[in-house]
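I've put the structures underneath this note.
Shared between the two complexes below is chain A, which has chain B as its partner in the first and chain C in the second.
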Partner chain A sequence: MTVFHDAATRVECDSIARWKKDGKPVVGYTCSYTPAEIFYAVDILPVRLRGIETDGMEVGDSYFGPFICSFPKCILQLAGKGRFSFLDGAIITPGCDGMRRLDECWRKAGEDFEGIVPDYFYYFDVPHKSENHGMAWYIEEINQLIKSVEDHFNVNITNEKLQAAIREFNKGRRLLNEIERLRCEKDVVVSGTDVFAAAVAGTVMPRDEYTAELKKWVSALKKRKTSLSEGKHRVMLVGSISDEIDLFELIENTQKALIVGENLCFGIRYEGNEIAEDGDPIEALAGHYLGSSVCPRMYGKYKERLAMLKERIGQSRAEGVIMQNIRFCDLHGAENALFERDLEAMGIPCLRVEREYGPHIDIGRMKLRINAFLERIEGRKKANKGDGDET
Partner chain B sequence: MSIVAGCDVGSLTAKAVIMKNGKIIGSHIIKSKPRPKDSADAALEGALSAAGVSKADIAYCIGTGYGREKIDFVNEVVSEITCHGKGARWMLPTAETVIDIGGQDCKTMKLDKDGNVDRFAANDKCASGTGRFLEVMAKVLHIDIDELGKLSAKAKNPITLASTCTVWAQADVIKYINSGVSIEDIGAGVNTAMAVRVAILVNAVKPEGDIFMTGGVAKNIGVLETLEKLIGKRIKRSRKADPQMAGAIGAALLSMEKIDGSGNNRLK
Partner chain C sequence: MRPEIEEYHYDWLMGNTLKASAILPLGTKKETELAYRYVPYYKNVVKSFIDAGDPGVQTLVMLAKYYENILTAKARGKKIAATTFCNSPVILYAMDIVPVTFEILTAVGAMVWKRGMFDYMDFCCEVGMPETSCSSQRGALGAVLAGLCEQIDMIICDTPGVCDTNANAFAFASAYMDKPFFQLNYPSSIGDNRSQQYHIDDYKEMIKFAEQHSGNKLDYDRLAQVLAEVDKQDAMIADLEDMLMLKPTPVPPLFNLALYAGRFCFSGHPQYTTLLESMVASAKQNAEAGISGLKNREEKLRVFMCYIDHYTVDVNFYNYLEERGIVHVGSILTRNFRDNTPYAKEMPGSTYGVDTSTPEAMLDTIAQMNARLPMVRSIRGPYDKKGMWLEESLVCAKMYQADCLIYNGTPGCRNTWGMVKPFARDIEKHGYPCHIMYDDAFDDRVESWEATRERLDEFFKIRGLL
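Let's turn to the complex of A and B:
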């Protein structure tokens, strides 16, 4: 578990440092719509860009302004401070408008802070619809990205290499799904914090190293007997982008809750489905990354997302859902309100809370709301038991 | 029946309540000290003295409020949202919707038939709509915060505060003072600005049944009456106890439930 926690809590973790030491390139990307297999296929380490370990916002605020999500601002802050100096390239994707603006803000900041823009800096566009022309457009974007990577890094991305990368990534996906099944058991033997750390680690570690570590960990988990769910409320965590182990700890350190599932931009939502290992690998990547998307940036998919969330709640036996959105995150702010309306109507307690990202999170305020929510679940349980006794 | 206690350490005041047989036998409120532990100790000491009992007589004590985790004499801690819900139901047994305005938080809760919080909404943006807003304004006006509420009734031409930001609203208030606007008209504007912020939160939970207000701001008649107009519903009053004590009362009631299950809070 240590290797996962290291990878999940440090911008330049040991795995990245080792990769660089071998003289191999690293490319950062900002969004779950970037097919990381393209890079891994040619020995370039794809690393999901994150905003952890920021200790100020003077760079981020200067270029973005105050009224925008703190996640892309934290990425720019780290870039401005030279914390991404290990990057040989960066891919910016319009996951949302804040992330799209990271492209221009980073470039502009590069005029003032020498050397913070990697030599290879690429804007990878992603349509908001996955049907017909949307899918055709996305495939074209993938082909252009491949061509660009080949030209810049002097590599040849063949179908065979892509298929090998897909196979390697799928091994991790299958293992993560095994963990998800363990979280659905009556007695859960693993904390949400640890599972999330493992999932986040998968976005920064070399995949073969990751698969090997994950395999060992899953094997150990299957032998565990001690239930962590006993006497705790099972909750799901959903909403805005989060790679923050601290947020999971904040909830689980109440000693009253265990996170049994999440629907976040990192985690199982990103790694949930396997990619077809035969046929055209580019179509397979497009089908996975765009076609099976469960992110509110995609138009007209709310009902699908609600159905998926409901199914996950049922499978994991969650007693309540904590919905967080980073301040100024319109996508999740709006969707959380709809989820709350619809899930509460189904009798599923929900907590909707707005917050800042990562190191800027206001812990006291969050703790109050989380505790009150868990007490609400407790009160409801007791009342139901009481009513049951009376009848 | 055992003696129980509840201690609510808020950002502005700390409160302690001692209960026996479902009745308050002692209570005490103080201005919060820098350290929550010191506030809790002083509040409890005052309440014990008022009740004429000693710490050793307390069978169970629950702590609440922002400083709850720093109180060393409590048996357990519970969030102030739950405690205010319990306290409000005890003060007004028909209460179904509770508005609690604390020093740095504003919450609206809907209670189930047992007095448990079924839904709640809390301010997520800033200090506007909290007790701190009124405290800052009272200070600028050089009046006691308890006097602020009475100004609304005496106002002839209340001002309108353009900003919801406490700091900018403060700058506006200073501008009105310097322009010679009466304290009554400014005070009424301050109370209205506060009520507007709270009304947004109240409407967010769709208030039902009898509405009750807790926390120190519940004693500000100017905010209370303006809020009633804004939400179009009457906010019920109770003489049973000081609404500012509701969190500590709720904590004491939960203590009672813990030891003998007698903190019945069923809706009447």
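Let's turn to the complex of A and C:
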């Protein structure tokens, strides 16, 4: 577990340092719609860019305007401070308005801070629909990305190499799914914090090393007998992008709750489906990364996302859902409101909370809200017991 | 929402207000002056338009007609589509669907009411939209979500990836009201064959959606008629654009608002043609006399609004420009990027043409025209790339001889707040003073008009412009 926590809580974790020591390139990417397998196929380490370990915002605020979510600002802050100096490349994706502007802000900051823009800096144009021409556009984008990576890094990305990378990534996906099943048991033997750390680690660690570590950990988990869910409320955490282990800790350190599932941009939601290992690997990657459509940037798919959330709530036996959105993240802010309306109508308690990403300046307020919510669940549980209802 | 607000059907209220104001100038001057007594809060707006002469009156008539269409749609058996300003209503008119453009209706309400659209904006937040979402949709949408408007039958937007806040408001409305939803979607680039094809493919899907939910099959003869009207309108817009370049410009600041409001409301519809004819005639008269379109006839400064204008109560912003002798040489909303406009010649690949020779040619025309509407054309990709915001702003600033550029938006404009600081820096590097306004174009509670005016004055003074 230590290796996962190291990878999840440090920008330049040990795995990245070792990879660099071997003289191999690292490429950062900003969005879950980027097929990381493309890079791993040719021994380039794909690293999901994060905003952890920021301790100020003077760089982020100098380029981004005031009404922008703190997540891309934190990434820019780290870039401006040279914390991404290990990157040989970066892929920017129009995940949302804030994230896509990282392209200009990072490049423009590079005019003021020498050497902060990686030599390879690429804009990967992901469409907002996955049907027909949307999928065709995305496939073409993948082909162009491959050509660009081949030209810049002097590599040859073949179908065979892509299929091998897909197979390696799938091993991790299967193992994460095994953990998900453990979280659905009546007695849960693993904390949400640890699972999330493992999931985040998968976005930065070399995949074979990750698979090996994950295999060992899953094997150990299966032998665990001690229930962590006993006497605690089972909750789900959903909403805006988060790679913050401390947000999970904040909830679980109340000693009243266990996170049994999450629906976040980092985390297991993208690992639910394996990618086809035979056939055209590019089509398989496109079908997985774009076709899943689990993010509110894919407008008009609310019903599908609600159905998926309901299914996960049912499987994980969650008693309540904590919905968070980073300020200025309207996509999740608005969707959380719809989720709250529809889930509460089904009798599932929800907490909707707006917050800042990065240094937890509002930790006290968050604690207060979460504790009050857990008390609400407790009260509801007691009331139901009084009525003879065990649900 | 306050209970008394819920007492009024918003569309009816606004429609009748505009209808009354449209007939106000039909009386004698004395009668009109007397009537102002009975509309103390609305007086300044209606007076500003009436004082602008026939084009101002035609603007009021056009807005009244827009509401009349909405209010009578159901009785006429027509479906209503909620849409956004950067999605042309041309196809809807061609398919006999009535458009409801949220941003236009919010702007009208914000200008007309002393309290602005605050109650309706806040209602959106009451039902779950974040307060940080864009006020331009939240105003009119709030009235719709509160059930105070004509029933919407379908929702079409075209801003995903260009303005996510905008797209999100329409997606929220669709989920909240359980209405059919279609999103047109643009790539981050424009002008290349791949993007052009994407525009067409996507537009065809949108037509299928509109056919399905309106029950009306697209009639290509009707589309040809509407596009012929667009062609006629584009020629007059080009005339106005040419006159905006003159120094002094014979085009008054308020004409800019009327020009794009008309396009968003009635592109391809004779109602807009009437307005344009009136504006062209009025501006030509000034041009022939060699006089400025400003009321005091003295042009002191030429401002290019590189994003949008300011729409709160009493059309204060346009009156401010008049008072200070400032010429408004257009905003991102003014330009249409038709292939006959001079600025477009500076930007190859950025334009559309009108071809009604075959159904395929018409589809290509309308899809490429739609893709060139404000914001979706040049805010879609990184601002410093080919054909995008920086290039467009510099071309327009140079061509219209602007002395400075001003950015105005809403806090919801994350598409531009995400990079407006480096953008402004680049603009300054090209020699143009650039001011960033921190207000909300539709909501004076974010920054009072008085504070906004002070900041504008400060900018003009410090930069030695006035």
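In this text, the second predicted complex is superposed on the first by the 386 of 391 C-alpha atoms of A that agree within 3 Å, B and C clash if a C-alpha of one lies under 4 Å from a C-alpha of the other, contacts with A are read in each partner's own complex, and residues count from 1 in each chain.
Going forward, a residue touches a chain if its C-beta (ideal position, glycine included) is under 8 Å from a C-beta of that chain, and two chains touch if they have at least 3 such contacts.
Because the structure is predicted, anything quoted here is derived from the model rather than measured.
After superposition onto chain A, partners chain B and chain C are found to sit side by side with no clash.
For chain A, the partner touching the most residues, choosing from chain B and chain C, is C.
Contacts of A:354 after superposition: both chain B and chain C are touched. By the touch criterion defined above, A:380 reaches chain B but does not reach chain C. In the superposed model, A:371 lies in contact with chain B only, and not with chain C.
For the pair chain B and chain C, the model built by superposing on chain A gives 5 Å as the shortest CA-CA distance. Counting contacts by the rule stated earlier, residues 354 of chain A appear in both its interface with chain B and its interface with chain C. Taken together, the chain A residues at the contact with chain B in this complex read 344, 353-355, 364-365, 368-369, 371-372, 375-376, 379-380, 382-383, 386.
Only residues 127-130, 132-133, 157, 160-161, 163-165, 167-172, 174-176, 181-183, 185, 187-189, 194, 197-198, 201-202, 205, 381-384, 411-423, 425, 438 of chain C touch chain A when the two sit together in their complex.
Chain B makes touch with chain A in their complex at residues 66, 78-82, 105, 112-114, 116-120, 122, 124-125. Those residues of chain A that touch chain C in the shared complex are 62-69, 72, 94, 96-98, 100-101, 103-105, 108, 123, 125, 127-129, 131-134, 137, 140, 296-297, 299-300, 302-303, 325, 327-331, 333-338, 340-341, 354.
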